[in-house]
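Labels run A, B, C and D following the written order; every chain starts at residue 1.
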């Protein structure tokens, strides 16, 4: 498992598995979101507060490569790194590894932020976090 | 809205919206899956039966471009087309439009099928469906 | 199937099934909520608008009796009736039947409404709807 | 918080919150299920294995009393106790407390087990677990 800016450990919950007995594809988006929000929290960015202030962080693109499956009882780690794409866009690079260190999923989630007028605008907290 | 091989109409359910008041990003994967499975059904492919037979259709890649948001009460349509990528891979091209015909999401979901020995193998029903 | 104040037809979506191959228990709460909100809409009550106005409708009690299972491909109907429990409480009586008319689930969802000061208060629209 | 046979700590994930900004009612069923399955695991009962063996543990009744809400960022604990209802029925008594020890939800989930012939039958492992 590579060195990442943030990591979060999870355990598969049985309701996340579908009738194939594996974690449903959509559920990985949940895992990735939770890890991103926890990562943002370490930067002093609270998603609920931002939403209350009228700043909406939006995902504009998601790319997921499914490499192996997670099953009931599996534990896994979601890694989070972030890349600046442009003035207004940033990409979370999020890989998931199982407890044996096997790659489960490679994710790239690109987002921007929209202010209360609906215009793209990264808030200062976010600028600072991605600034360097 | 373009001409597609299959279309399915949906209405947003309030539990699918998150605290931003819009449909959560992960939920689109659910919409796309349901539309794919309904499309496969029209081709005589039943996902539950296939799973019971030991043939697992797996998603290996998903690309989603989020273009506009869906909100409580919105109705929308998921379009489904399919492209052969290679001998063992096929891509569902799935766009979502709201009831005004505005593009909500562009999706490309690439899959393959794995037999009970865990080896890639498209079942005959699937070959036939994508065959031409 | 009994005579009800409101009915909504659904079809099971495969992602709603868990590894037992049946619709996961929690998913029925989703079905019931969606049917309730659609019912409230027919009464002129929009859940998203109410929330925006600071009136929060809250569920305080849920009783579910699971009678038979729903599976991939099943269609079913959620019936909705409503009973006044007290000045500030009302119960949605919600039964689910499959397409053969077999009882799937008996639900009783009791709610109240809370104003922006956090105090129980049914809004006039709701009073009127349940008033008689 | 009372003394319980089993406890599991959770943190709210933002995707579990709905447009009211609180954890959606249905999500509590997910929390309760995950805590139950983890509890059963400590008794040597693996839900996935049981399902694979043809023994289906089914919920026949759920009673939930919602006492206070969980929000983004909240941590909480699900307690699990179990009561024998009858020869073939058992009830999981599951209360949820937030990190201040405030009661969030009181749950009673009654289940039974069905063998591969569809007849109620508690497997020996389960008998033993609840036996005394």
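We take it that contacts are C-beta pairs under 8 Å (C-beta built on N, C-alpha and C of every residue); 3 or more make two chains touch, one makes a residue touch a chain.
None of these values were measured; they are calculated from a predicted model.
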{"item": "Touching both chain A and chain B (chains)", "value": "C, D"}
{"item": "Pair exhibiting more inter-chain C-beta contacts, A-D or B-D", "value": "A-D"}
{"item": "Centre-to-centre distance between chain D and chain C (centres being mean Cα positions), rounded to whole Å", "value": "22"}
{"item": "Between chain D and chain A, distance of the C-alpha-averaged centres to the nearest whole Å", "value": "28"}
{"item": "Averaged-CA centre spacing for the pair chain D and chain B, given as whole angstrom", "value": "32"}
{"item": "Overlap residues in chain B, where contacts from two or more other chains coincide", "value": "14-15, 17, 19-21, 24, 26, 30, 33, 48, 72"}
{"item": "Contact footprint of chain A on chain C as seen in their complex", "value": "14-15, 17-21, 24, 26, 72"}
{"item": "Chain D-touching residues of chain A, taken from the complex the two chains share", "value": "13-15, 17, 21, 30, 33-34, 37, 41, 46-48, 71-73"}
{"item": "Chain D contact footprint on chain C (complex, rising order)", "value": "19-20, 24-27, 29-30, 33, 48, 51, 56, 58-66, 69"}
